[in-house]
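Encoded as structure tokens, the structure appears first; notes follow it.
The letters A, B, C and D name the chains in turn, as written, and every chain counts its residues from 1.
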Amino acid sequence: MPQPIRVTVWNEFLHEKTSDVVRKIYPKGIHGAIIEGLRESLGDGVKVRAATLEEPEHGLSPKVLEQTDVLLWWGHAAHGKVRDAVVERIHRRVLDGMGLLALHSAHLSKIFVKLMGTTCMLRWREAAERERLWIVDPSHPIVEGFEDEYFELEHTEMYGEHFDIPPPEELILISWFEGGEVFRSGCTFRRGKGKIFYFRPGHETFPIYHDNNVRRIIANGVKWAAPGGSFYSGKGRNIKKPLSPIAGGHDVDESLHR
Amino acid sequence: MPQPIRVTVWNEFLHEKTSDVVRKIYPKGIHGAIIEGLRESLGDGVKVRAATLEEPEHGLSPKVLEQTDVLLWWGHAAHGKVRDAVVERIHRRVLDGMGLLALHSAHLSKIFVKLMGTTCMLRWREAAERERLWIVDPSHPIVEGFEDEYFELEHTEMYGEHFDIPPPEELILISWFEGGEVFRSGCTFRRGKGKIFYFRPGHETFPIYHDNNVRRIIANGVKWAAPGGSFYSGKGRNIKKPLSPIAGGHDVDESLHR
Amino acid sequence: MPQPIRVTVWNEFLHEKTSDVVRKIYPKGIHGAIIEGLRESLGDGVKVRAATLEEPEHGLSPKVLEQTDVLLWWGHAAHGKVRDAVVERIHRRVLDGMGLLALHSAHLSKIFVKLMGTTCMLRWREAAERERLWIVDPSHPIVEGFEDEYFELEHTEMYGEHFDIPPPEELILISWFEGGEVFRSGCTFRRGKGKIFYFRPGHETFPIYHDNNVRRIIANGVKWAAPGGSFYSGKGRNIKKPLSPIAGGHDVDESLHR
Amino acid sequence: MPQPIRVTVWNEFLHEKTSDVVRKIYPKGIHGAIIEGLRESLGDGVKVRAATLEEPEHGLSPKVLEQTDVLLWWGHAAHGKVRDAVVERIHRRVLDGMGLLALHSAHLSKIFVKLMGTTCMLRWREAAERERLWIVDPSHPIVEGFEDEYFELEHTEMYGEHFDIPPPEELILISWFEGGEVFRSGCTFRRGKGKIFYFRPGHETFPIYHDNNVRRIIANGVKWAAPGGSFYSGKGRNIKKPLSPIAGGHDVDESLHR
């Protein structure tokens, strides 16, 4: 029997402390709702813990990260408060194979921006409008089990294009918004040995993480992003001895080089 | 008649000052050889200048960058000496549309690494071995004019896979090395509105930038990377008024949000 | 001065003969409107001709195709009447480097389906609804000159996802439709040495090809799809003599092979 | 417990009947060696059967295909003998979600060529030369378990670039050949709902399918290509009733349309 996927759900966990509206929707925190969804969908297939901004090291010590297969990230109001040293540590772990799910406003998190290399900015509007997410890659494991061409969320914050990310390697979902915009809402990226899934839905004042379709996508995303693959080196390797013979070869002045 | 493409060739320009070997190959500096090649290929189609590490602001003042359509980058020994503020400035200009050609050891330049989000590390060996560059996208303007399936360089430094970059959007050239490795030697990326071309060949102790095929690729790359396209915003845009009418729409507690 | 791009605009040209509505919108045929747009935008940069279904060989003799740099295709009601031999001929020319712009209902043309390898089917509705095309790759030459994040068409036929095409190499435009769907409306593909651009807007009963933004995209598409690049072989090549020496090498029983 | 993946290994099965050399290497046929490898690697995780050219319907009746999750294809000398009706049937099943592994000379099989839309031609040489396969996507499940940056095959037929395929969606392996060529040896494609993996190694006169690394890649490929995902329609869908209300909307003359 395969080992459970070790998941850490990171939540900024600020709105829930200061706003009655948010606390009413997410009494156990946004992370609590996400964790509940993962346990429902994946059962023994996952071992989940939470981490939050105000814990020491934001709850992401080297040991916690070492024991994390997939990290979920939710942040909104306090991206700037995440310490750079912790961001570096996460970055290294992603390159080494840890999966990352960047949720909703995590598009502006330091870790996502660092991995993308772009501004990750977008259009947005809060008008509680309808969103309809269209599946444009029906072969993908992240949409496993969906029996229609789309699913809907009744009241959402709008995110619109142009979303300033690198062209995603896989584009799985495109959102339609009632107010007139579209958005690439489900995008995957590979960086180093790590797999990254950006998933748009989610907000602190809408009960998005109680929605069954959203929970299913997140659960599928965790399975997809779990580490795998082959040897990876993020280090330079000076291979002095050729693998195959070199005919001739000029003298090389090694003094010039590292 | 179209305006000439304004090109800035940036060279670290250190090896040429300290090594007789390098100075003999590149008496006018590596930048001098690259500029000569661009002028030969593109004539009045380009307006070229040089910039180097030891100039004030590394020769890359805001004004110079503002007047640069395509920036070529050659660095090797002193990546760490390039000031972060200048890197930020270049990064912003790339996102705003300036083309970037990262040449050879520029794979570890701060600007390239920042744009990629990965380590950009690789295997390497200096044994003056043969490299054969195979064209894998014959439709691409960067290989305009090549009449064979490959071209060769007799003595080169080897760079080998795994090259730790994001999957390139376009893969144009793959190198074969005598000693046994392969390498994705011609790769394109889009970041923001900017077009980026990584081109592997080049070294300070081999006369790579005197080679006609290498010069042709660089000239084609400059033309490909020249700015174009549409409106780009690297800023968040709060669009309060929907473009199309929203039916109903719940009350939104704006106090929660920026 | 560069040679003009030789463009052939192919139109099924049936609706215009049988319907007063269509003839009123396109008195010179759909091809006539497209040609007018190309001449306005590109002037001496193009040399344009038309070809239609009911001409001998559908107007696409080997000689015509040989003299065509970019082929535009508009068909709707009579895809099945296009002869397979002509489709083969076009296919070969695309692989050899001729650009192809597949317009609107050309998604089901034999040539496009053959190049894609999928069904190319989609959702559709005729309700004269609003379409808003969002630019998701502002760096691309196909959106050269657009000064906003989107453009609109007031009354259109809807095409919706899932559009059954291979993942496009470049995704440039995504449409929003009033009635609730989204669509990947500007997609590029490379096949052999040929560049292919699928562009959604267009219909026989809406004046889409009189729209300035649509005309600009088509003109930009023609420039982008014009032939270029390097040597291309669509043939097998048995290279008996290695380029580099092979150590040892077992006896090979050639009798087994072609 | 998950259901086993139902695999059909298709082999042309001609060389083995006519050549002592081939029969000695593959006494149970090439399919026999592949099946042996799959059973070793995947055990109860797969249910494997064989199908061959000279069986009725080439062993690929509608019922067999209906019961196949992943089809492996090996053919070389008799691509032209595979009946078009069977190719159509396979094509439809791939679009509907059946995985396809195209092995070695299957690059010229009718089904692979039809799915790609290009000639799929390449350079080739039979000189029993060394091949070294470099992993360029260490995150990919197809290279699960490889602990080095490459693996080697001592004596192989060479396949070289340019390989005339569409740009692969994922490029996992690049081969180096002793005689001087490179090749994109592990490539994935999505068509409809089906996942396709092209894997280069393999030949009738070399014992490639007895190699443990090759067997591991094929087993990983079967797992990766197994069906999944969401609802898929390869049919046109006329959605007369909008999902969201349309303001106004012109009269549409339905008589013009299907």
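By definition in this document, a contact is a pair of C-beta atoms (placed from the backbone, for glycine too) under 8 Å apart; a residue touches a chain by one contact, two chains touch by 3 or more.
Nothing here was measured: the structure is a model prediction, and the numbers come from that model.
Path length between chain B and chain C in the chain contact graph, taken as the least number of steps between touching chains: 1. Across the two interfaces under comparison, C-D and A-D, the one joined by more C-beta contacts turns out to be C-D. Where the sister copies chain B and chain D meet, the same residue numbers recur on both sides for over half of the interface positions.
Of all chains, D has its CA centroid at the greatest distance from the CA centroid of chain B. The geometric centre of chain C is 28 Å away from that of chain D, both derived from CA atoms. The centroid of the Cα atoms in chain B and the matching centroid in chain D are 36 Å apart. Distance from the chain A centre to the chain D centre is 31 Å, each centre being the mean of its Cα atoms.
Residue positions of chain B touching 2 or more other chains: 123, 130, 132, 135, 137-138, 149, 160, 162, 167, 169-170, 178, 180-181, 190, 192, 232-233, 243-244, 247. Interface residues of chain C, counted against chain D in their complex, comprise 15, 19, 21-22, 77, 95, 114-119, 121-130, 155, 158, 160, 162, 164, 166-167, 169, 178-181, 189-192, 204-205, 232-240, 242-244, 246-254, 256-258. Across the interface of their complex, chain A is touched by residues 123, 132, 134-138, 149, 160-163, 167, 170-171, 174-177, 180-182, 184, 245, 247 of chain C.
Of all the residues in chain C, the ones that touch chain B in their complex are 97, 130, 132, 135, 137-141, 143-149, 169-170, 178, 190, 192-195, 228-233, 243-244.
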